[in-house]
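Can you read through this structure? Questions will come right after.
Read from first to last, the chains carry the letters A, B and C; within each, the first residue is number 1.
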């Protein structure tokens, strides 16, 4: 397509695998440090960060906005319009155009797996991947690991990921991140929702009982109702077997915590009364999201 | 629903009745003080205010943005997307999530009456109600009272509210606010648009002549054309009887002023040529809206 | 309509013809000066600029946002909603309302030719026209002239504008701007896309060969595919005769550059592999857009 090739190397965060174990631990510690000390140093002062969410996401985008502004940076929010797409401009043309406006970094989200990896061949400024298709969501993994480390003081944990795993970029990034720290990862869900094999994962099972036995963390994923309805399984049967609620959580040890990347579906993958219970770290994840993203921005942009 | 209960008490502004007569007067005087001295003290520096308008409103939201930024604060603008609602998250979940991002206050607007009162049971940071259904719109009442006080130097005025009163949160908040100051409130409109009785209101009438006799303020409300069309009344008859124009304004004394919460319908509840006439305080209301909201933010957040 | 008349005169930028030759050169030199020295003086600190794009445009709006924030100003972004228009408020009412919020300038875009000229009769703060219908787009002309001056060191150039000229506000502003500097302007496109006569233009032709002979600048315009399909011309014939690609660019001298206002249609008016080639100044135009708009804001608002 006659695209420019980037000349200067920059630090990007496209995949959790772009980071070594030590780099991840640096980000976690920096995030927790920023969380503790209240007023933050404006290290992004005079920096312009473009959030370009080609696939809409309010939650992740606002978390980034909060993080960028909290560090004194300026947000340029690119919102793809129907009209712009009709105008025939491709995503990479949009990014090259925005880059030409003298901006300092991109945070992107896109439906197509691998698109950010392609883009970084042509874009000079750093790209932070805010989620690409079913592939990667590295800042979610970092905030999850920050939350686990904050709670347990270590990351060589037993973690059961429950739900629609094969469609989940969150599951990918989290699994790959935690494996660097010697965690034991289990995947649990109906046959149609779990992979047959996953590099480094110790257990892939359809039994929640088996999955939660002795775990430290129950990590529930969003499950789209429409996808449940397509399962051979009856929907009530799905709830009985895979919903995390006050009954099923007893399959895990008393010290085990509940996590979820949000937004959750009340009374689908998690029950109403458990999401804000004492066992749940869901809102802590959201809070740590801001500080983990600050730590990433500091590393990548500042 | 297993929601967290708030532990720390905060100052909220959900209803005009949350404020005493003295507190309202403090806000009015502070608003007028801020309006006079041009450059404002950045008392919201480092504060993050979320505007969460579940029911869209450009005008009120931008007025808040102007006020927040004018005081040096940062805006996080939550725009509910169709997709987010489809994702099954409830409004209170959204607010709890946004609150977890370490923000300092919410400005909300919502279609459902009473929703902000429910939310404040679970939200720790202050909530400013930017309008809930047909119930309350306290900052509108404050800016209206600021405008009346600025113009007349007192609030024990004769005020005729004209139009679709039963569907109007503005009428509720304004009436209840002014009654604290001994104002005489009259309500006027077709039978279908006025209540049969309203606590403290001295006159409820279908006659504009009666309503405007001797008043200080004519407060015209927005009237949706579709609602007029459903009246037994012919639409031209509605205009003849209830539209404020250069002819009907003569029913009021020469010193009486025209006010309107905006956005107005030209040539429906008000005529084209009266909205920016010398008799109209409509643009003054808009200007005072910024400073009244600054005064509220100062009280609630700073 | 009973609109207020403005009392205080302000500097606006509605048409490129609002500026003399000297004023244009001042803006160009100021833009290039701002581009060179990296960190910009916050001359818009405490100023509120409303971007009111009644016709959507991501690219121009974000360029203005970047420019405003780069100079330390605050953006209030008015996004017209379907609901607001349904509410019956006219555009000028919207602007009068926003102006009442104590803001310092407007940047507008609108579908209707001449609307900004009408508005400035009633609006006190400066208006910068970000494009009205097929009429004017003065900041685009300024960034284009900045780019030409930066590249050639002069503006008495031979410029061929190619494409759908009669629907193009860009062609109008650029032609009228360049003519002040003694440039030689040629217009080229199918009969349906070019005017029969254009004041000051030396050549209007359907032959690309004739148009590009000896030029310094090839200025390609966006062409909507739907419009090509309505031409008597076969679409492949259109591409063969008017698309700028590595073959047709040879009709121009080796020193000639390619420009385009963006967003471009890959493989319609320009070929895939030429837009980011060494011959193309397209991304330079985007970059200069930020600094030209800074120079305009400095002149009009600061």
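Everything below uses one rule, namely that a residue touches a chain if its C-beta (ideal position, glycine included) is under 8 Å from a C-beta of that chain, and two chains touch if they have at least 3 such contacts.
Everything quoted here is computed from the prediction, not taken from an experiment.
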For chain B and chain C, chains touching each: A
Same vs different contact residues, chain A with chain B, by half of numbers used: different
Intercentroid distance (Cα basis), chain B paired with chain A, Å: 40
Residue list for chain A, restricted to those that touch at least two other chains: none
Chain B residues touching chain A - in the complex, by the definition given at the top: 1-4, 46, 48, 74, 76, 78-81, 83-84, 87-90, 93-94, 96-98, 100-103
Chain B to chain C touching residues, read off their complex: 39, 56, 58-59, 62-63, 65-66, 69-70, 222, 225, 262-266, 268, 271-277, 283-284, 286-287, 289-290
